[in-house]
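Next come two complexes, and both contain chain A; in the first it sits with chain B, in the second with chain C.
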Partner chain A sequence: MRQRQGLIALAFLAPALVCLAVLRIVPAISAVVESFYSESLLRGGRVFAGLGNYTDLLSSKDFRQSVGVTLLFTVLVNPIQVAVSFLLAVLFTQRAAGARLWRTLVILPIATPPAVSAVIWSVIYRPDGLANGVLERLGLPAQPFLTSPGQVLGSLIVLLSWIGVGYWMLFLIAGIQEIPAEVREAALLDGAGPWRRMVSVVLPLVRRPLAFVLVADTVSNLLVFAPVQILTKGGPNGNSNLLMYDVYNRAYAIGDIHVAQAEVVILVALTLAIVAGQFRLLRGDQ
Partner chain B sequence: MKRIGLSVAGGVVGILFFLPLLWVVTNSLRPGSETFANLDPLSWQTFFELRPTLVNYSALVSSEIGRATINSILVSAATVVIGLAVCATAAFGLAAFEFRGRGLVFGVVVLSFLVPFDAIAIPLSTMFRDWHLTNTFTGLVLPGIGNGMAIFLLRQFFLGIPAELVEAGRLDGLGWFGVFRWIYLPLSKPALIGAGLMLFLFQWQAYVWPLLIGTDAQHILGPVALSNLQGQNFTDYGLVFAGAVVLTVIPLVVIAGFQRYFVQSVSSTGLK
Partner chain C sequence: MRRNLLALPAAAVAAALLLAGCGGSSGSPDGSSGPAADPGPETGTITFTGTDNAETYQPVIKAFEAKNPGIKVTYTQIPFDQFNATMQQRLSAKDAGIDVYTVDEPRVSQLAAKGFLVDLSDLDGRVKGSVSEAAYKTNRFRDKLWSLPMWNSTQFLFYNKTALAKAKVTPPTANPEQRWTWEQVEAAGRKAMQAGGTKYGLFMEQPEAYYQLQPLAESLGGGSGIEGDDALTPAVETDGWKKAMKWYGATFASGLSPRGIGGFQTGPVFANGDVAFFVGGPWDLKIFGSSKVDWGVAPLPYFEGGKPVTPTGSWSLGINPASKQQGMARKFVEFAALDPAGNLATTSTTTIIPANLEAQKQYTPQMDGFSGAKTAGAAAITTYESEHTAVSRPVSVGYIQFEEVMGKAFADIRNGANPDARLQEATRQLTEAWKSIK
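Take a look at the complex of A and B:
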């Protein structure tokens, strides 16, 4: 009976399992396998290269710079986005006039596809664009944004936060709204001020959604591609050459597919390591 | 007093987030030659147009972006229909049956959505090239239909359907597909809509994959077409902004229409 059930279940599962295997799992394995091979010009085929592609990468100055830029970007963008999302979630769960409307305006950019947002911001960041118009109105000097090595990462972080903060805020608002009213009232009765209530009551009680947001945000920021490809092409001087763009560039502009696969493996390994580290940290102070 | 302060703070934040979109909408209603006219100095006219014109939108219809938008709609619609069929049957297989290896199969499903798709897009595109799927709608649609997250979401919902209903259906002579079709599907509309939204947004927002796999004029998708236009020496920004508005309004209408289910599907990705 159970065996028969198994066969019927398999029939229902088969199309999805084939899709998941072919479209997700096989390419992941193939990236690992291919990263150990290289194209041989002499013999006209692929030959086993062992760790050759990896040592090539590690000895390349451009690759090391790309890793450095990606780590710097990760360390900056994630705390900023999580903190801003949390503060906005707290702000928009207070009773205040128009809170619903203002919240909707923050969520609105979620609907814009990331590549379209990147195109919009490429016009905003032009020397004669909206950003400099606003600065001038405030009496500040015009800024180069994307063409300055010192400002390019910051400019990308602003654009990515415009895209992402509303999305992460949704999870945190859901978390805050699940805090029982009695807990808030008890804190109020105990005379806790707004700051105290946020740090000692709200923050510990939204740990789970907060941890999820931090991890998911980190993963999505490690895979940032469209803004780099559309706005900066990794420049100026490689200062915005995030790993995901470097992989694409290596695979299609340089045409070195095997080394690109090795870089994919490194990117995924880096992602897993950072996510595992975050999990450990979050569990550590429980 | 405190409430006024909170309202003002909320208002400032909301308007700051909204300004870029407002600027885009305003400029989509202006000839492209005037995009940068009202920025120096900034005035209320930067964000409002008293004599709006639809020239950009009518130009859009015959442009590459117009065509690409229709492609995006086709690809997303096909993904939702086929993807829901594939994911719902799989979720049914996982929820309604007891069999050996169920835990293993479920593990594969979860594993598949832990591998970020964009990271494997490049190895996958080399495979698709070998299979001659570049510049085909099949190649564009395929990666969207096997969505582990949608299967997960539907399975959770299916698990809540009482076994007595299934037994009653079986006694009335329904086959397993009949149970799925006449008992599970009708009871699961909210979950199906939530999963459908997830599949739709995955395709509508995709950029890396369509850039790798669909670049000829017949198969280009909206976001790729828009970013191509941006890179040219002479860019008609009126057209760019009109395209950006259309590519934003379509998902916005879909999300707004299914708002309740959107929040559900978002919060269930939080794995509560």
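Take a look at the complex of A and C:
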């Protein structure tokens, strides 16, 4: 009986397992294998290169810069997005007039595909665009948002936060709304002010959704691609050349698929290392 | 809590695997397309992929379908900025969903070497007799013909008549013998800005594209940027390149040209009357016709002491070796490129020059009237440039890498990078990128 149940369960799971194998595991193994080969257009043929693609990458100035830019971006964008999402979630769970309307407005960008958002922001960031128009109204000088090596990463972070915070906020709102009313009342009776209630009551009780948001946000930000492709192409001077875009550029623009696959393996390893580090930190707080 | 946290790394691994999933292997590297492919069915629907709007190809598709009952052609547009990378991805995955596609001429050699094009050498004799020598040569690689030239191009200097009149500047004439120098354009552009006629003095339609910037360096004798027997040695640090890029970077640093406006947002800047001089292609002769600005056309300028050089070449048509309907695909490319009526139909909505000489003969005289008096002289300029000043982009198996690396270098120089240092960087990047080809 138990064996039959197991078979039935397997039959139900089979389509998902087949998909997982065909769409995920096989390509992943193929990427790792291909990363050890190289191909010459002039000589022809595919030859085993061992770790050659990896050493080429590590000795490439452009690749090292790309890793540096990606790490800097990760360190900046994730805390900013998680903090803003949390603050917005706290704000929009207050009983205030129009909170629902504001919440909807913040969530709206999720419905826009990233490529469309990028096109909208390309117009906003133009020298004669909306952003500089606002600055001009405020009596401030025009800014070279996407054309200055110093501002480009910040400009991308603003754009990505505009797209992302509404989405992450949803998880945190759900978490906050799950906090039992009696806990809030107890805190109120104890005379805790709004700040104290947020730090000592809300924050510890939404740790679970917060942990999820941090990890999922980190992974999603390591995969950022469309805005870089559409707005900056990694420039100026490689200052927005995030790894995911560099992989794409190497694979499909420059056409060096084997080195690109080696870079994918490195990006996956980097993602896993960062996520594992975050788990370690979170586990310490259990 | 613990169970949930354990589920999270699984999600991360899944995301990581998703990342790893991109890739695929390229086709036969020796450039052969293998044994003669099965021509496939005689009737059905073929897919044609390119960068232009669907309306561009409607007339040729309609004419082809009328002539070939039973064959339907559906057109898929991929935006120009994403075209090359997307095609690289789909062709390397042996995607049979593409039968015919547009091929940028300098990319023919690499696409052929990678096995992304069907050998069309049996059409060699017909192509040789029906297109210009330059167009014929750029579609050949390793003594075989890989694609059929569909269009040709040139560049014009468009000028805003009202803005120049306000600045009391006599506009350039359409006579190629009296073409302006870049120095003259720069001075006149600044005058127009000072007089308050326009926001900017000069702007190029594709400010980060090799196609449009090659003439700057070549005008100063800087060469194409590629040299060597195998055409895989970078040569972008010549005096001509350095001088041209210094001048180009300065046009943005001084505000003569605007930074931060991308490739295909440039035309509207001229059409809105915000720039005095604009460098654009034959397609603009009709596009700008609907603008309220009063404008005219002149030949592309050159540097003082240098020689006039203009870009040329455009899209060809190629067949995907993975296509299961190569017989029908072949009929379509032959009609669109080699049949004068078919080739002419490809240019009836977008004003681009047909590559077929017979079609060109009928087409060029019409160019003067595309936008009334504003386009006067365009036909004579086009004929003159193709005979005297047109220089093709270099033929190299590494052209794709070259174009990508140079595009990024132009973007950086435009945004304020030191031209000499950036060209040196480009040499390093090209050497690195070409290492895997050699």
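Things worth noting here:
Keep in mind that, in the parts below, the second predicted complex is superposed on the first by the 265 of 286 C-alpha atoms of A that agree within 3 Å, B and C clash if a C-alpha of one lies under 4 Å from a C-alpha of the other, contacts with A are read in each partner's own complex, and residues count from 1 in each chain.
Here is the rule we use: a residue touches a chain if its C-beta (ideal position, glycine included) is under 8 Å from a C-beta of that chain, and two chains touch if they have at least 3 such contacts.
Computed from a predicted structure; not experimentally measured.
Under the clash rule set out above, the superposition-derived model of chain A with chain B and chain C contains a clash between the two partners. When the two complexes are overlaid on their common chain A, residue A:I124 makes contact with chain B while staying clear of chain C.
Of the two partner chains placed by the overlay, only chain B lies in contact with A:A9; chain C stays clear of it. Once the two complexes are laid over each other on the shared chain, residue contacts for A:F171 go to chain B alone; chain C is not touched. Shared-chain residue A:Y54: touches no atom of chain B or chain C. In the superposition on chain A, A:V219 contacts both chain B and chain C.
Contact with both chain B and chain C is seen for A:R208 once the two complexes are overlaid on the shared chain. By the touch criterion defined above, A:I25 reaches both chain B and chain C.
Annotation: chain A residues 23-25, 27-28, 30-31, 34, 122-123, 126, 128, 208, 212, 216, 219, 223, 229-230, 244, 247-248, 251-252, 257, 260-261, 264, 267-268, 271 touch chain B in one complex and chain C in the other.
Chain B makes touch with chain A in their complex at residues 3-4, 6-7, 9-11, 13-15, 17-21, 23-24, 35-36, 39-42, 46, 85-87, 89-90, 92-94, 96-102, 105, 108-109, 111-113, 115-120, 122-124, 126-127, 142-143, 145-146, 148, 151, 176, 180, 204-208, 211-212, 222-224, 226-227, 230-231, 237, 240-241, 243-244, 247-249, 251-252, 255, 263, 266-267, 269-272. On chain C, the positions that touch chain A within their shared complex are 1-2, 4-5, 8-9, 11-26, 29-30, 81-82, 84-86, 88-89, 92, 110, 113-114, 199, 230, 232, 258-262, 265, 397, 400-401, 404-405, 407-408, 411-412, 414-417, 428-429, 432-433, 435-438.
Of all residues in chain A, only 23-25, 27-28, 30-32, 34, 38-46, 56, 60-62, 122-123, 125-128, 144-149, 208, 211-212, 215-216, 219-220, 223, 229-230, 233-237, 244, 247-249, 251-261, 264-265, 267-268, 271-272, 275-276, 279, 282-283, 286 touch chain C in the complex they form.
On the chain A side of its complex with chain B, the touching residues are 2-3, 5-6, 8-13, 15-21, 23-28, 30-31, 34, 88, 91-92, 94-99, 101-106, 108-116, 118-124, 126, 128-130, 132-134, 136-137, 162, 166-167, 170-171, 174, 208-209, 212, 216, 219, 223, 225-226, 229-230, 244, 247-248, 251-252, 257, 260-261, 264, 267-268, 271.
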